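Each of the two complexes below includes subunit A, the first together with subunit B, the second together with subunit C.
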Partner chain A sequence: MKISKEKFGQSFDALTADYQIIAPIADVNGVNYQVVKNFSEVKQDYLNSKLPPKSFLFPQHEKLLSYKKEGKDVIVKNELKVGKTVLFGIRPCDAKGMLLLDKVFKNDAYTDPYYFERRDNTVVIGVACNKIAPTCFCSSMGISPSSSEGSDIFLIDLGDSYQVEAVTEKGKAIAASLVELVELTTEEQAQVDTIKNAQTTSKVDVATITSKLGTMFNHAYWDTLQEKCIGCNACSFSCPTCHCFDISEEVRKNEGTRVRTWDGCMSPLFTLHGSGHNPRNKHEARWRQRMMHKFNYFVQNNGDIACVGCGRCIKSCPVNLDIRQAIDGVNKAELVVE
Partner chain B sequence: MNSIISDIRETARQLLADGKVDVVIGYEKGSLPLKATPCFVRSPQDADKLIWDETCENNLAAFATKTAGKKAIVAKGCDSRALVVLMQENQLVKDDLYVIGVSCQGVIDKKKIEAETGEILEAIIAEGKLSVKGIACDKEFNFIDVKDATCQTCRYPNPVIEDIHIGGSVEVPQQTVAFADVIEMENRTDSERQAYFQEQMKKCIRCYACRNACPMCYCSECFVDCNSPKWLTGGVDRAENLLFQAGRVLHLAGRCVDCGACSRACPQGVDIRALNRKLTKDVSEMYHHEAGISEEVKPALNVYSADDPEAFLVKE
Partner chain C sequence: MEQNPYIPIKMRLAKNLVETEDRNINTFTLEFLNKEDEENFKYMPGQFAELSAFGYGEAPFGIATSPTEPGVLKFSVAKVGCVSNALHLMEEGTMVGVRGPMGNYYPLEEFKGKNLVIIGGGFAFTTLRSLAVYMLDEKHRGDYGDITVIYGARNPGLLLYKDELAEWENNPNINLVTTIDRPAEGWTKHVGFIPSITEQIAPSSVDTYAVVCGPPAMIKFTLPVLEKLNFPPERIYTSLEMRMKCGLGICGRCNIGTEYVCKDGPVFSMAQLKELPNEY
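Right after this comes the complex of A and B.
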């Protein structure tokens, strides 16, 4: 079934009464997700956003709580503020990225209320990719430029209209509010089929990477891989699946706030202990951690590789350290017999 | 292959074969179009990886302090100035360093191209022109129009120190007005400037690529990472971002060699250079000092003079 963009726009604008809508817009810095009030602001023709939409679920700087000392009492205030949100125009790689973040913030013992309050109040409207960037390699990661996994509603852009697929119960509720869904024409069906068959041209081989990495903790490969890396966090901060954070206090006299901020494994301070000891005191160990976490530990803990092939880290890296080459390097590395 | 590239390779090969250096730090072809990537050559056979063109945008001096052993470095004008400052600040020992000097025509600002063509699929550089195939459209550019902002005002395209020089030299362009860009910024009203820098700081994601790409940022603990006292949380708000950049720019006063590596490294297109250039102009006016142009000239912040106008510096 499809809906004309005009009709869709009307429903979209109507949704702004109940939801905060986040969608891709063209800004000074390319395409990025921001709050929009009107469908006309939405950028239609985009590859993917410069930064991933993860910050709307897991903000880079978040107040967890604030406190105040009054006499002998400490008054604690929860700072969590959440409203109903629609994330519109999410690419399949990023929608999958959110499913991976879900696994991080929920485990047998603990569910992160900050993340899940937002997550549970969020509807994801995914849109298939009609154009595929040369840095995209989602097809190799078991996702495709048209996969609806992770979206509540999934759209395929047909120019003047969208093909609509309601994926989850949440999505069905919203889809019900879309009026005038009509059948696709034969030509449009052919267009949908072409988009559905498209794959990324850039490919990596991750068939055996998890088990291979399991043998590579002590491997000379790490020495050479990391050499040109300047240890910034441009790769982690632009990654839809990276999720490490730090918690610190901002205190002034009798008042304070506890804030959570993103952190990243490429920084030497990431693992620096209060004692002064740093278990990952060499950059080799930090790049090993980046590869191991994404392609081995995460798989062991959560059953999935923590990379969705969006290619953002490749574009952001100031020294062109390309994760696809890093993966190839692991595949080619000689096995160490211990 | 042009003769500069073959001369760089030959030099590297010889240095390694003769055991004069342990490693040659240069550039090789990157995985993306119009992108070179730093490389570390340790055997004579590997010297054939080395390249040289308008995509060699990183400042390799940033690797000099991190790489162990005797090293040769392929250096543009600005890279060589950075090496001078590093030696003056006792971060590098001259005996451990071999400078392969190459005069520089300027490097490409990819962001300018991508703003028009979208993501670059393919690109060919020939005779001052770039043919770019982009995901949005194809376009031809004159190199001069897509040259990095830094390179457009560069007055030291020829290395200031070198052990060998490769290729010809580049004529230094005459400037009609020095620091025209800074003067333009100074002439704006306070609120215009504030609006401009707020807009810039809003984009910053505190990845610290700017700091880490900078050869002059080598402190083992940066004030922004310091835990006790804790200056900043590391989160992104405009005040914290500005404090980070303001702190960085002050720490670079009289030391920044205006290589532009920080701005090019920034994934968010933050105009970091505007701040650095203002400080460079101030230092040049107040101290008549330019960083790293000669080994003999003492850095502005390292000299003491008895007739200093600030009396407290002389006697309290």
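Right after this comes the complex of A and C.
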């Protein structure tokens, strides 16, 4: 079934009454997800946003609590406030990224209330990629440019209209509010089939990377891999699955807030102990951690590789380190019997 | 929704005791303000908690009390960073935030019916004190065999819990061995580093578990001694220290391989550690 973009736009605008809508818009920094009020603001023809939409579930900076000191006493206030949100125009790589973050923010012992309050109140409207960037390699990661996994509603852009697929119960409820859904024409069906069959041209082989990495903790490969890296963490911050954070305090006189902010394993301070000891004091150890976490530890703990092939880390790296080459390097590294 | 694990419960600093001669380690006695919080705070020896000094931040510390000592929690903390300095300077009566208990604990069920050798160095003795006090409690003492404690510090003034150590010396339920690194005036007990004193005491490894906690160098040199005494890696336990923030296995800071020290640890057997990457 499809809906004309004109009709879709009307439904979209109507949704703003109940939801905060986040959608891709073009600004001086490229295309990014921001709050929009009107469908006409939405950028529809784009390869991928500069930053992933993870920040709407896991903000770069968020208040956990605030407090006020009164003499020796302290009044603490929970700062968890969440409204209903629609994330529109989410690419399949990012939608899958959210499914992976779900696994991080809920483990066998704890559920992160800040993440899940947002997650539970968020509807994801995904859109298939009609164009594929040279840095995209989602097809290698078991995703495709037209994969609906992770979306509540999934759209395929047919020019003047969208093909609509309601994927989850949450998505069906929203889809029900879309009026004038009509059948696709034969030509449009052919267009849909072409988009659905598309794959990324850039590919990497991750078939054996998890087991190979399991043998490579002490491999000399890490020494060469990290040589160019300046440890800026741009890769982590632009990654839809990276989720490490710091907790710190912002204080003014007797009042303060406890905040959490994105952090990344490329920083030497990330693991520095109070005693001065640092278990990952060398850059090679931090690169190893990045690769191991994404392609081995995460797989062991959660059953998936923590990379969705969005290519942002490749685009954002100031020294042109390419995770596809890093993966190739692991594949080609000589096996060492320890 | 279940309780928000990032919001600390409030406790009051009842006592801020200078523990060591160098005034670098204080023991904080925190009182529960709320009966319900006390009932919900169910912990076991080996666990830790995140303490908030409001205005400075939060940091993880091992719990020095045993669950057999209700009403308060004690933490012995060295003055090394922002939060620990703030705690050291804190006036009695001030409110402190506490999140926890966190992490796993010493496998006390597994220890039942066995002898225990508890080896501690420096101020890492905190959770070992918790363990010893728990086992010495009359409700539990019958569950365990011989309890030997080998505890060392650089000099006599740096030993923690001096009153309690004096009491244990005369307690037939526990065999206490204290040592200092170099001879000191008035010191009549052992002199020497923990590994050599352990070798000298040579506790039997038959039906015995060893729990080791201390600075990395002490652990590094004590383990070969235990191996020489025929302690298998499955019967040696230790606690790891990492830079932890959330304490919930989420923030990604303290992982060693697939394990998160804050959630899957801090207590690990040497057999487990042999399976993990050497990155701690």
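The working rule: the second predicted complex is superposed on the first by the 334 of 338 C-alpha atoms of A that agree within 3 Å, B and C clash if a C-alpha of one lies under 4 Å from a C-alpha of the other, contacts with A are read in each partner's own complex, and residues count from 1 in each chain.
Just so it is clear, contacts are C-beta pairs under 8 Å (C-beta built on N, C-alpha and C of every residue); 3 or more make two chains touch, one makes a residue touch a chain.
What you see is a predicted model, and the numbers here were worked out from it, not measured in a lab.
Student: Just from the overlay, do subunit B and subunit C fit on subunit A, or is there a clash?
Tutor: fit
Student: For the overlaid structures, how many degrees, to the nearest 10, lie between subunit B and subunit C at the C-alpha centre of subunit A?
Tutor: With subunit A as the vertex, the angle is 90 degrees.
Student: In the superposed arrangement, which partner chain does A:T261 touch: subunit B (first), subunit C (second), both, or neither?
Tutor: After superposition on chain A, A:T261 lies in contact with subunit B alone.
Student: Of the partners subunit B and subunit C, which touch A:D246 in the superposed model: first, second, both, neither?
Tutor: Touch status of A:D246: both partners.
Student: After superposition on the shared chain, which partner residues are touched by A:H61: those of subunit B (first), subunit C (second), both, or neither?
Tutor: A:H61 contacts subunit B only, not subunit C.
Student: Determine, under the contact definition given at the top, whether A:L335 touches first (subunit B), second (subunit C), both, or neither.
Tutor: neither
Student: Considering only touches as defined above, state whether A:A17 meets subunit B (first), subunit C (second), both or neither.
Tutor: Touch status of A:A17: no partner.
Student: If you stack the two complexes on chain A, which partner ends up touching A:G231: first (subunit B), second (subunit C), both, or neither?
Tutor: first
Student: Would you give the minimum C-alpha distance from subunit B to subunit C, in Å, for the three-chain superposition?
Tutor: The answer for the closest subunit B-subunit C C-alpha pair is 6 Å.
Student: By the touch definition above, which subunit A residues appear in both interfaces, subunit B in one complex and subunit C in the other?
Tutor: Overlap of subunit B and subunit C footprints on subunit A: residues 246, 248, 263.
Student: Okay, in this complex, where on subunit B does subunit A touch?
Tutor: Per the stated touch rule, the residues are 30-32, 35-40, 58, 62-63, 67, 118-119, 121, 135, 199, 203, 205-209, 211-213, 221, 225, 230, 233-237, 264-269.
Student: Hey, which residues of subunit A end up touching subunit C in the complex?
Tutor: 64-65, 67, 69, 72-74, 76, 78, 80, 104-105, 107, 109-114, 117, 217, 243-249, 251, 254, 256, 258, 260, 263, 265, 270-275, 277, 279-280, 285, 289, 292-293, 297, 300-301
Student: List the residues on subunit A that touch subunit B in their complex, please.
Tutor: 28-29, 47, 50-51, 60-62, 131, 133-135, 224, 227-228, 230-234, 236-238, 246, 248, 250, 259, 261-264, 267, 269, 314-316, 318-322, 324-325
Student: Taking the touch rule as given, give the residues of subunit C at its contact with subunit A in the complex, in rising order.
Tutor: Checking each residue of subunit C against subunit A gives 1-2, 4-8, 10, 12, 52, 54-59, 80-81, 84, 91, 93-95, 97, 216, 241-243, 245-246, 248-258, 263, 277, 279-280.
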